[in-house]
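Note sheet for the following structure.
By letter and in written order, the chains are A, B, C, D, E, F, G, H, I and J; residue numbering begins at 1 in each of them.
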Amino acid sequence: MAKIEVFPNPAPQRRYIIEHVNNEFTSVCPITGLPDFGIVTVRYIPDKMCMELKSMKYYFFEFRNKGIFYEAVTNKFLDDFVEICQPIEMEIVTEWKTRGGMNSTITAKYTKNNDVITL
Amino acid sequence: MAKIEVFPNPAPQRRYIIEHVNNEFTSVCPITGLPDFGIVTVRYIPDKMCMELKSMKYYFFEFRNKGIFYEAVTNKFLDDFVEICQPIEMEIVTEWKTRGGMNSTITAKYTKNNDVITL
Amino acid sequence: MAKIEVFPNPAPQRRYIIEHVNNEFTSVCPITGLPDFGIVTVRYIPDKMCMELKSMKYYFFEFRNKGIFYEAVTNKFLDDFVEICQPIEMEIVTEWKTRGGMNSTITAKYTKNNDVITL
Amino acid sequence: MAKIEVFPNPAPQRRYIIEHVNNEFTSVCPITGLPDFGIVTVRYIPDKMCMELKSMKYYFFEFRNKGIFYEAVTNKFLDDFVEICQPIEMEIVTEWKTRGGMNSTITAKYTKNNDVITL
Amino acid sequence: MAKIEVFPNPAPQRRYIIEHVNNEFTSVCPITGLPDFGIVTVRYIPDKMCMELKSMKYYFFEFRNKGIFYEAVTNKFLDDFVEICQPIEMEIVTEWKTRGGMNSTITAKYTKNNDVITL
Amino acid sequence: MAKIEVFPNPAPQRRYIIEHVNNEFTSVCPITGLPDFGIVTVRYIPDKMCMELKSMKYYFFEFRNKGIFYEAVTNKFLDDFVEICQPIEMEIVTEWKTRGGMNSTITAKYTKNNDVITL
Amino acid sequence: MAKIEVFPNPAPQRRYIIEHVNNEFTSVCPITGLPDFGIVTVRYIPDKMCMELKSMKYYFFEFRNKGIFYEAVTNKFLDDFVEICQPIEMEIVTEWKTRGGMNSTITAKYTKNNDVITL
Amino acid sequence: MAKIEVFPNPAPQRRYIIEHVNNEFTSVCPITGLPDFGIVTVRYIPDKMCMELKSMKYYFFEFRNKGIFYEAVTNKFLDDFVEICQPIEMEIVTEWKTRGGMNSTITAKYTKNNDVITL
Amino acid sequence: MAKIEVFPNPAPQRRYIIEHVNNEFTSVCPITGLPDFGIVTVRYIPDKMCMELKSMKYYFFEFRNKGIFYEAVTNKFLDDFVEICQPIEMEIVTEWKTRGGMNSTITAKYTKNNDVITL
Amino acid sequence: MAKIEVFPNPAPQRRYIIEHVNNEFTSVCPITGLPDFGIVTVRYIPDKMCMELKSMKYYFFEFRNKGIFYEAVTNKFLDDFVEICQPIEMEIVTEWKTRGGMNSTITAKYTKNNDVITL
C-alpha cells in the first residue's frame, strides 16, 4: 500500500479535532467486479502525529481497482489510520451510493478506553 | 425463500454500525391484492457474521408478489435477519407510501437484553 | 359506526411501533356546518391486536358529514382505538387546516400507567 | 368584549394539548395609530372547559381598532383565556411584523404551580 | 441620548419574555469612519417596566453617526436598557455585516444572579 | 508578523461572547506550493482585552504567501490570539475548500481549566 | 390487456390539459429480469373522450411482471392511449430510477399534425 | 472497446427523445495521472436503433483507467454513439468535478443538417 | 506571464462549447493593496486549439499578488485567451466578492464578426 | 459632493458591461426624517472612462444624512454618473426596503440615442 505520511502534531499539548472528508472514494465490488462509489469521513483527535493529506489521497487511490466489502474497507481504514498516527480517538464513516435501489452507511470508532457503540 | 448469504465479520473485535436502506421495496396488500411500496431500513451491530448485500436484494425481490401485512413483514425481516446473522443489536424501519390518503411507518428492534420501546 | 377490523399481532412477543397517518380526514364544524380538513396521526405499540388499515379508512369516512368539535373527535379516536385494539401505548395528533386565518392542533395520549402530558 | 364561548371538555379524565394559531391578528399601535399585524399562538391543556373557535375569532376581531401595546395584549389574552376556561396549563406567543425595521415577539405562560420562565 | 420611554409592565405578577429585533441598525467604525450595519436583538423578562418601541427606535437612530466598537455598543445597549427598565433578565445579540471578508457577532447577557456564559 | 491591536474590554465586569468569521482566508500548501482557501472562525470570551478587527484582518493577510499546514495554522491562531488578548475562553474552527476531492475541518479550543474535547 | 375505460369529454368545445402521474410504475428489465421502477407522466388535450383513472391504474399494474425496454413501454403507452381516447395532443414522459449509477428519461409526443421534436 | 449493443427502435415512425445520465463516470487525467470524476448526459432522437443501457454502462467502465482530456472524451462519446446508433439528433454534456478550485463543462451536439452552436 | 498550454482541438470539424469556472481567483486592489476575490467564467467555442486546464490554473495564480482593476483583468483575460487559442467565440464573466457593501460583475465577449453588446 | 474618480477604460476598443451593486445605501426620508435603506445597481457600457469603486462608495456615503425622495435620488445618480464617465449606455435601479408593509423599485436608463423605456 501507499504509505501515508505523518508529521509531528504541531500542538501535542492540546486535544483538538481534525476532520478529512473524501467525496470521491471508489473501489470495486468483490462479487460483481463493478465499481463502488462512497464518501469517506475521517475524524480524529491526534496524539503525537498527524496524517498528511496528499499521501492520504494517494492511499485512497490504491483502492480504485481493489475488490473489497464495505464493512472490510471501513474497518481497514480505522485499523490502518490508528496504526499510522496513534490518535487519542478516531471515527470513520463510509456512505455508499445507491446500487439496485439500496444504499449503505458503515460507522466504526476507536477510543483508547473502548467505549461501546449502540444503535 | 432466497437465502441471504453471510460472510465473516471482518472486524469482530469491534462494535460498529452497518446500515442498509432499500428504497424500492414492493409487496402486495393481502386484502385488496394491490401493490404496496415501501422504504426498508436495516441497521445493526454485527457479531460474527455480516449480511451480503446482493443476496439481500434477492431476498427482498421475493416479496414482489407476496400478500403480507406491513406489521407482519416488518417483524419477519427482523426475525429472519436476526436468525441469519445473529447480530448484537438490530433495528428495522419500514415506511409505506400513501394509500387512499393514508401512509404508515412500522419500527421494530432487537437487542440482546430486550430493551423496551416507548412512544 | 363502521367496525374497525383487527387482526392478531404477528409479533406479540415484541414491543414495536405502528404509525398510520390519514392526510385527508374531513368532518363538519358543529357550529357553522362548514367542512373541516385535518391530518390525523395514530401511533401505537400493539399488544395482542393490530388495526386493519382499510377498515380504518372506512371508519374515518363516516365522519365526513358528522358535526363534531376538534377536541371531541381527537379524544373519540383515542377512546375508540384503545377499546378496539387494547394497545400498550397510543398517541393521536390531529392537525386542522386554516379557517378564517386560524389553524389548530390537538394531541392526546394513552399509556397504561397514565403518564402526564405538559406543554 | 365579545364573549368567548366554552363547551365542556369532552375528555376531562385525560391531559391533552390544544393549540390554536391566528395568523391574521391585527390591532392598532396606541402611539402612532397605525395598524399592527401579528401571529397569535394559544396552546393549553384544558381542565373542565374548552374554548370555542368561532367565538374566539370574534374575540380577536374586537382588537381591530383598539390601541394596545404588544405586551399588554399578550398578557390580556393569557388573563382572559385563563379566566374563561380555567386550563391546567396555557402558553401565549405573539409575533409582530416589521415596523420601521423592527419586529417583536412576546411569550407568556400560565401554570398552576407558577413555573419560572428564563431566557 | 434620546430617552427610551418606559411604561408600567401590564403583567408584573408574571414572568414572560419580550423580544425586539432591529434589522437596520447602523453606526460608524471609530477607526475608518466608514458605516457599519448590524442586526440588534434585545430579549428580556420585564420586572416593573417595559421599554416603549418607538422611542427605542429613536434611541437606535442616534448611533447613526457615532463612532463606536461592536463590543462597546453591545455592552452599552445592555447597560442602558438594564438601567432604563430594570429587567429580571436581558440578552443582547448584535450581528454585523461583512467588512473586508470578515463578519462578527457579539452576545452579552444580564441576569440578577450573574449566570456565567461559556463557549 | 503584523501586530494585532488590542483595546481595553469595554465591559470587563461581564462575561460575553465575541465571534469573528473570516470568509476569505488564504495561505499556501507547504508541500505543493498551491494556494489553500479557508473560512476561519474565532470565538472568545474576553478578559481585559479585545482584539481590534482591522489589524486582525492584516494579521490574516500575512499568511497569503506562507506555506503552512492546516493543523499548524489553526493552533498558531489559537496560540497567538490567546497570547495577545488573554481571553477567558477561545475556540478556533478552520474549514478548508475541496482539494483533489477532499476537504478538511480543524477545531481547537482554549479554556482556563483545560476542558477535554472528545469526538 | 386490461381495457382502459373512457367517458365523454365534459367540455369538448374547449381545449384544456389533463395530466396523470403514476409515481409507482414498475416493470421488469428484459435482460436481467430485475425490477425497474419509474414515474410515468401522461399529459393530453382531450377531444371527444377522457380516460378513466381507475381502469388506467389497472392497465399499469399489468406491466408489474412484464419484461420490456424503457423505449418500448413509453411508445406503447402513447400508442395505446392515443388509440383509446383519440386526443388532440398527448405527451408521455417516463423517468427511471438509478441503476448502476445511470438513470434515464424517455419523452414521446403525439400531435395531429405530427410536429417534429428537436433536442 | 466494449461493444454497445443496439436494439431496433420500437417506434421508428415517431421522433421522440431518449436521455441517459451517468452520475458516476470516472477517467484519468492524461497529465497528472489522477482520477477525474464527471456526470455524462446523453440525449438523442433515435432513428432505426436504440442503445442498450447495460452495455453502455460497460462501455463507460472502460474509461476508468484511461488517460484522456475532457474535450476528447466528450467528442469521442458523440462520435462513437452517433456511429453506433445513427440517431437523428444527439447531444453530449459532460460536467467535471472541481479540481484546484476549477470546474469544467463541455457540450457537443450532432444534427443531420449540422446546426451551428453559438455562445 | 505563465504560458497557457494549448493542445490540438480533438474535434475541429465540429462547433462545441467548453466552459471553465475558477471559483478561487484572487488578485490585489491597485488602490488599497488589499486582496480581491472573484469567480472567473471562461466560455468558448474552440477552433484549432484548446486551452490546457492545469497551465490555465497556473496562469490565474500569477495574479495572486498583482494590483489590477476588475475591468482591466477581465479584458486582459479575453485578450490573452483569444490570442492563445484563437477561438471562434469567447465570453469572460468576472464576479467579485462584496467590498464595503458593494459587489461588481464585468462581462466581455469576443466574436469573429464583432457582435455589439447592449444593456 | 465627493468627486467620483475615473480612470481610462482599459479596453475602449470593445463594448463590454460593468455592474456595481451597493447593498448598503442609506439616505433620509425628506418627510419623516427617518432613515431609508436601499440597494443601488449601476450597470453601464463604458466609453473612454470607467468609474473608480472606492470613490463611488464615498459618493454614496454623502447621502447618509440627506433628505431626498426615491425618485429624485435615482435620477440624480443617473445624471451624475453619466456626466462623470460619459458612458455609451447606463442603467440605474434602486430597490427600497419595506416601510409600513410597502416596498419600491425605481429604474432609469440613459442611451446615447435616447431609446424609450417601456414596461
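Note that a contact is a pair of C-beta atoms (placed from the backbone, for glycine too) under 8 Å apart; a residue touches a chain by one contact, two chains touch by 3 or more.
The structure presented is a predicted model; accordingly, all values stated were derived computationally and were not measured.
Shared contact partners of subunit A and subunit I are F, H. Placing every chain at the mean of its C-alpha atoms, the farthest one from subunit B is found to be J. Interface equivalence for B-G, evaluated over E-J, F-H or D-E, points to E-J, where over half of the contact pairs coincide by residue number.
Rounded to whole angstrom, the centroid-to-centroid distance between subunit A and subunit B, based on C-alpha atoms, equals 27 Å. With centres defined as mean CA coordinates, subunit F is found 47 Å away from subunit D.
Rounded to whole angstrom, the centroid-to-centroid distance between subunit C and subunit G, based on C-alpha atoms, equals 38 Å. Counting partners per residue, subunit J has 24, 34, 37, 97 as the residues that reach two or more other chains. Every pair of chains in contact is given here: A-B, A-F, A-G, A-H, B-C, B-G, C-D, D-E, D-J, E-F, E-I, E-J, F-H, F-I, G-H, H-I, I-J. The part of subunit H that touches subunit I in the complex is made up of residues 31-32, 69-72, 74-76, 78-79, 98-110, 116-119. Note for the complex: subunit H touches subunit A at residues 24, 26, 34-35, 37, 61, 64-65, 97.
Contact residues of subunit D toward subunit C in the complex are 7, 9-11, 14-25, 43-46, 50, 52-54, 56-57, 89-91, 109, 111. Residues of subunit A touching subunit G in their complex: 34-35, 37, 97-101.
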